[in-house]
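Can you keep this structure in mind? I'll have questions shortly.
Naming follows writing order (A, B, C, D, E and F), and every chain is counted from residue 1.
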Amino acid sequence: MRPSGRKLDEMRAVSVETGFTKHAEGSAMIKMGDTHVLCTATIEDRVPPFIKGSGLGWVTAEYGMLPRATNTRMRRESAMGKQGGRTVEIQRLIGRALRAGVDRSALGERQITIDCDVLQADGGTRCASITGGWIALKLAVNKLMKAGDVTSDPLVDPVAAISCGIYAGQPVLDLDYPEDSEAGVDGNFIMTSTGRLIEIQMSAEGSTYSREQMNQLMDLAEKGVTELVNIQKEATA
Amino acid sequence: MRPSGRKLDEMRAVSVETGFTKHAEGSAMIKMGDTHVLCTATIEDRVPPFIKGSGLGWVTAEYGMLPRATNTRMRRESAMGKQGGRTVEIQRLIGRALRAGVDRSALGERQITIDCDVLQADGGTRCASITGGWIALKLAVNKLMKAGDVTSDPLVDPVAAISCGIYAGQPVLDLDYPEDSEAGVDGNFIMTSTGRLIEIQMSAEGSTYSREQMNQLMDLAEKGVTELVNIQKEATA
Amino acid sequence: MRPSGRKLDEMRAVSVETGFTKHAEGSAMIKMGDTHVLCTATIEDRVPPFIKGSGLGWVTAEYGMLPRATNTRMRRESAMGKQGGRTVEIQRLIGRALRAGVDRSALGERQITIDCDVLQADGGTRCASITGGWIALKLAVNKLMKAGDVTSDPLVDPVAAISCGIYAGQPVLDLDYPEDSEAGVDGNFIMTSTGRLIEIQMSAEGSTYSREQMNQLMDLAEKGVTELVNIQKEATA
Amino acid sequence: MRPSGRKLDEMRAVSVETGFTKHAEGSAMIKMGDTHVLCTATIEDRVPPFIKGSGLGWVTAEYGMLPRATNTRMRRESAMGKQGGRTVEIQRLIGRALRAGVDRSALGERQITIDCDVLQADGGTRCASITGGWIALKLAVNKLMKAGDVTSDPLVDPVAAISCGIYAGQPVLDLDYPEDSEAGVDGNFIMTSTGRLIEIQMSAEGSTYSREQMNQLMDLAEKGVTELVNIQKEATA
Amino acid sequence: MRPSGRKLDEMRAVSVETGFTKHAEGSAMIKMGDTHVLCTATIEDRVPPFIKGSGLGWVTAEYGMLPRATNTRMRRESAMGKQGGRTVEIQRLIGRALRAGVDRSALGERQITIDCDVLQADGGTRCASITGGWIALKLAVNKLMKAGDVTSDPLVDPVAAISCGIYAGQPVLDLDYPEDSEAGVDGNFIMTSTGRLIEIQMSAEGSTYSREQMNQLMDLAEKGVTELVNIQKEATA
Amino acid sequence: MRPSGRKLDEMRAVSVETGFTKHAEGSAMIKMGDTHVLCTATIEDRVPPFIKGSGLGWVTAEYGMLPRATNTRMRRESAMGKQGGRTVEIQRLIGRALRAGVDRSALGERQITIDCDVLQADGGTRCASITGGWIALKLAVNKLMKAGDVTSDPLVDPVAAISCGIYAGQPVLDLDYPEDSEAGVDGNFIMTSTGRLIEIQMSAEGSTYSREQMNQLMDLAEKGVTELVNIQKEATA
């Protein structure tokens, strides 16, 4: 029933290549089916003004898409002179999500910036960015710990994200672009490895949904996040 | 226990003054406690390019805050040369939320823009904008129906929004600013008068939450939306 | 003869509501007929670089219009990415006008920013902004004096502004929008309570005027400012 | 008493070089003492949307200053990404002033853009721009008339502008920079050759003025404009 | 003598992976040592206004760098609100270079946009962009020819680019970043497979060079381009 | 054969007026035929952050064109909100070129900004800017040396620039606009008085060129630069 032939609760094939770029303190190319996102982590010894002197660290994120990551070419945001609303919304979500899984006191007064750049898009880029972004973040933190700059691991519990939605009347896991563009209800679920919730965004465009349907999607999401967390652990071991 | 002395499931006093401005096709000043938002609706006979010729209408929203709506003065976004990330995120949410409650085919090929301008802020401005924005939208649609330009009501079911969160370990309804700035978990719930869900955004900053807690907040939200819908119906009768 | 039925030298009904917003150090909603402007005053303990260390204070102003303050919706300046020429011109005028009535040495090295936001426009918004802005400024200064931060009143003489013009060949006081859009000559007169002049801007679009006509308008303006000053004194007593 | 040794009612030496640039339909380099402004006129066969089809023409102006026109280098506005408030205010004034002297029906449905670029500044750049801008405008119109594109002269009456102010307690004509930076009251007077008024802007910074003083400045301005108009007529004969 | 141990006339290892992204009409990931550039070609059925109706095609290019392509993170240009001077200069060069090798009449009235995005930088990104960009362009044109939309090949002769410079007093081929940052003279040479020149940019920073040195670099460049052209031919066969 | 009737190796008439503006530390109006560029030099006691404390000086350049310097009016870059790609490319070239001829250690830790503003354009504006910019720079340095602020001349060897191209199949010196818009190959050659090379930019649009042709153009350029250097020496003696 799904365009890809997947089962209702079947995620796309996921692969992770760490160390994709040589300059970043942590980097991972994550592929969820045909959605490919390059995530890099940059460590800096400065923090935003509002936490200066607090002893706490900060994690922030930026998101971008190459102009031809999509089926038709999109205008380059730098040429347009500003980041679009969708970009801003997504990068704020990624930052919030990753921050929620960080012990900022253990991290110490430094900032880690996660850049998520979509090289190829086929739906679910914000979830792939969070899942891959966590891997880049973890690799950077591992470097800090190895160097003795951080002594207690600020990233105890992995953070991963997956989309679910109602497609052709059925709850499905991990929407690809053909499904996403048809789905009336569509949510992003961000959780930790222990099933604790970090952020839920579930919205309907041109329809509504019931609490029962919401619970069905949450069950699917828990299944998906469990699988993603295993992949994250393997990639950062 | 709450700074305001309210009970856990007690909303702030809500008042609505319709017809606040004389030029707009619909307008409402909504006050939720000390949060005051002026919502106006503008009808235009043009639609965005991507639906031209489709026979469908469009509803969109813009959000702003006066510089001294807050405790300390914020820089004017027009002077900074761009809308901040928070503004963009909120106005996209308002637009999506209101659109979900519209029968765009019944509306016909026209656009209604809802402007939500915060004159005074004390938490919950995006929810007040959605609730008050729906009233302005409904008043504008009423005008279209009275004039015979629209024959079947495209707004059968009111849309309202309320925030809930976990404050001092307890689930509370309708966070004001002192609560909002302390709450570890905080959600915005957008629903119809019949309890159908349109959008849920529930996020944790520096903590996580369980499905049980999520369900407690949803129960509170249903209570709040029921009360708001009654106010909306009264204001637009 | 005037569209509103007013006499040639008759101002619109003026009302002032002080304390309109709770956060600002001073605030006033001024209504001149259907022109409604919310004026707020913000006190800050910093001054622009060019007077740092001089012991002198500074008063500046910003001006904005809500998108649907006018008969047809205007694009939001923050969304356009800059303030329009008219906005810039007006806010510079408001700042200059208010500054001229301030003893900057008595004010001491602090800045007061007057925000004038037009909620509804029907002509004369810049004059209403100056008249209402002075009230907000005075209320803020009163607070400083009450707290003992300022000991000698830097605002001895109220500053008010009124427009006059030649409409249908006749000199008229306080143009509303229907008159303003027809008037060939149109001026803004800013004066103190003692009739001293602060700024005159008198321009013709598509016509010219004589010195005699200028003097007629100045006579009208003096009458108007006298009435406005009484309202200002009452509002800030 | 004046830094330059001029008499109270003495204007600076004025020179005009027409045809300064070969591409423009009209051009004039005007020098008022050490203030040098290059004015060019560009004729285009299109008008702004709001007068399309009206049969009326349009005159507009743009103003700029080379970075080192002033004593210390100013940042280039194109590099800053926007025109400053002063620039916007001045170019709107120039446009209004020139437009007031044009019979837009005789001009016909075309636009003339006057560019005023200050090569060297020593006070009074906006007045020099208007006076020189009118010459460029007239030269362009002469070309249109010669070609038979315009049959009745739309520029019957020259428009010129001069500044006056109160310097060291005395009313003086044509302020140069050292005077302008000290003057408490300072006005720009735009008139026609027949003494009709087009625009007056008279403002005080840090002081006020009486109607009597205003009249003294107007007398000076009339004298100055009379002299300027003679120069304009000669240059465009 | 070279930091990398390469001989003076030895290029870095070059690899090309075509079809790197699935959406673009042509794509190639080119790696010249540690410099990795993703090049995509987008075909559109519209041309810039200035050649509309001419029957001629257009090729243009845009260039970008991911924030962490470099050793320290650079600010994202979309977040800064504009493309930097270096970016603009490079993308204009790429466009000119590729256009010079195109028979625009054979291409027909369509536009091909080449996006060159640097995923990892180690010197020579503009040359890699041109060499890889030509491959993406050729692959897109092959698709047009296969579909019969273009009947005569508009890309007869490959275009490739290589940098040469004077490093430690010696002429060297294909500078990497450590060499580039030390070289006093540094040039980019763009040629066709037959040794015809398209563009030379040879500049000194803090020194000068002789015609003899220029000729030495040109000899090296010819050697390099010959090797690159073979790789291009293989990749697009 | 050339539209102007000049011989193949004949430069346009060149004139230089130094001291064109009174405020700048050095200034020159350079005219190469109908191309007129005003060059000013500004000395400041600060340097860019990246050389602070190095004891070295900096020379940078900015380039602009008045809107009606060209045959049809161009939009003002400050009104568009950014400098175009061509502007950015040219001002970076001017800066690099002038810097290459400066002994930055002898200059000492100060910055000289060269502003090149085109008042009238007829081809070759970037070369005229470099040649005239060097004169302004030299005049400013002379002032520093006279004042004893700089003791050893940092500008031993003049820097000049000239364009050459292939027009109607023939190599020609100093292209004017009619030639430039037709030439298939076109180069800018920047050299010192002793024939040392600083920068070569030679590009083909819609064609290619041989090394032999390149050498012919270089011979022409050497002739032109020799003549320009003599003019520079005379102007700054």
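The working rule: a contact is a pair of C-beta atoms (placed from the backbone, for glycine too) under 8 Å apart; a residue touches a chain by one contact, two chains touch by 3 or more.
Labels paired with UniProt names: A, B, C, D, E, F = Ribonuclease PH.
Values in this document were obtained by computation on a predicted structure and should not be read as measured data.
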Neighbouring chains common to chain A (Ribonuclease PH) and chain F (Ribonuclease PH), by label: E
Chain-contact steps, minimal, separating chain E (Ribonuclease PH) from chain A (Ribonuclease PH): 1
Between chain B (Ribonuclease PH) and its twin chain E (Ribonuclease PH), rotation from the CA superposition, multiple of 5 degrees: 120
Rounded Å distance, chain D (Ribonuclease PH) centre to chain E (Ribonuclease PH) centre (Cα mean): 51
Chain E (Ribonuclease PH)-chain F (Ribonuclease PH) separation of Cα centroids, rounded to whole Å: 27
Residues of chain A (Ribonuclease PH) touching at least two other chains: 81-82
Sequence of chains encountered when the ring is traversed from chain C (Ribonuclease PH) in the direction of chain D (Ribonuclease PH): C, D, F, E, A, B
In the complex, chain D (Ribonuclease PH) residues that touch chain F (Ribonuclease PH): 20-24, 27, 34, 36, 38, 40, 42, 44, 62, 64, 66-71, 73, 76-83, 87, 113, 115, 117, 119-120
Residues of chain E (Ribonuclease PH) defined as touching chain F (Ribonuclease PH) within the complex: 82, 85-86, 88-89, 91-92, 96, 99-100, 104, 187, 192, 195-211, 214, 218
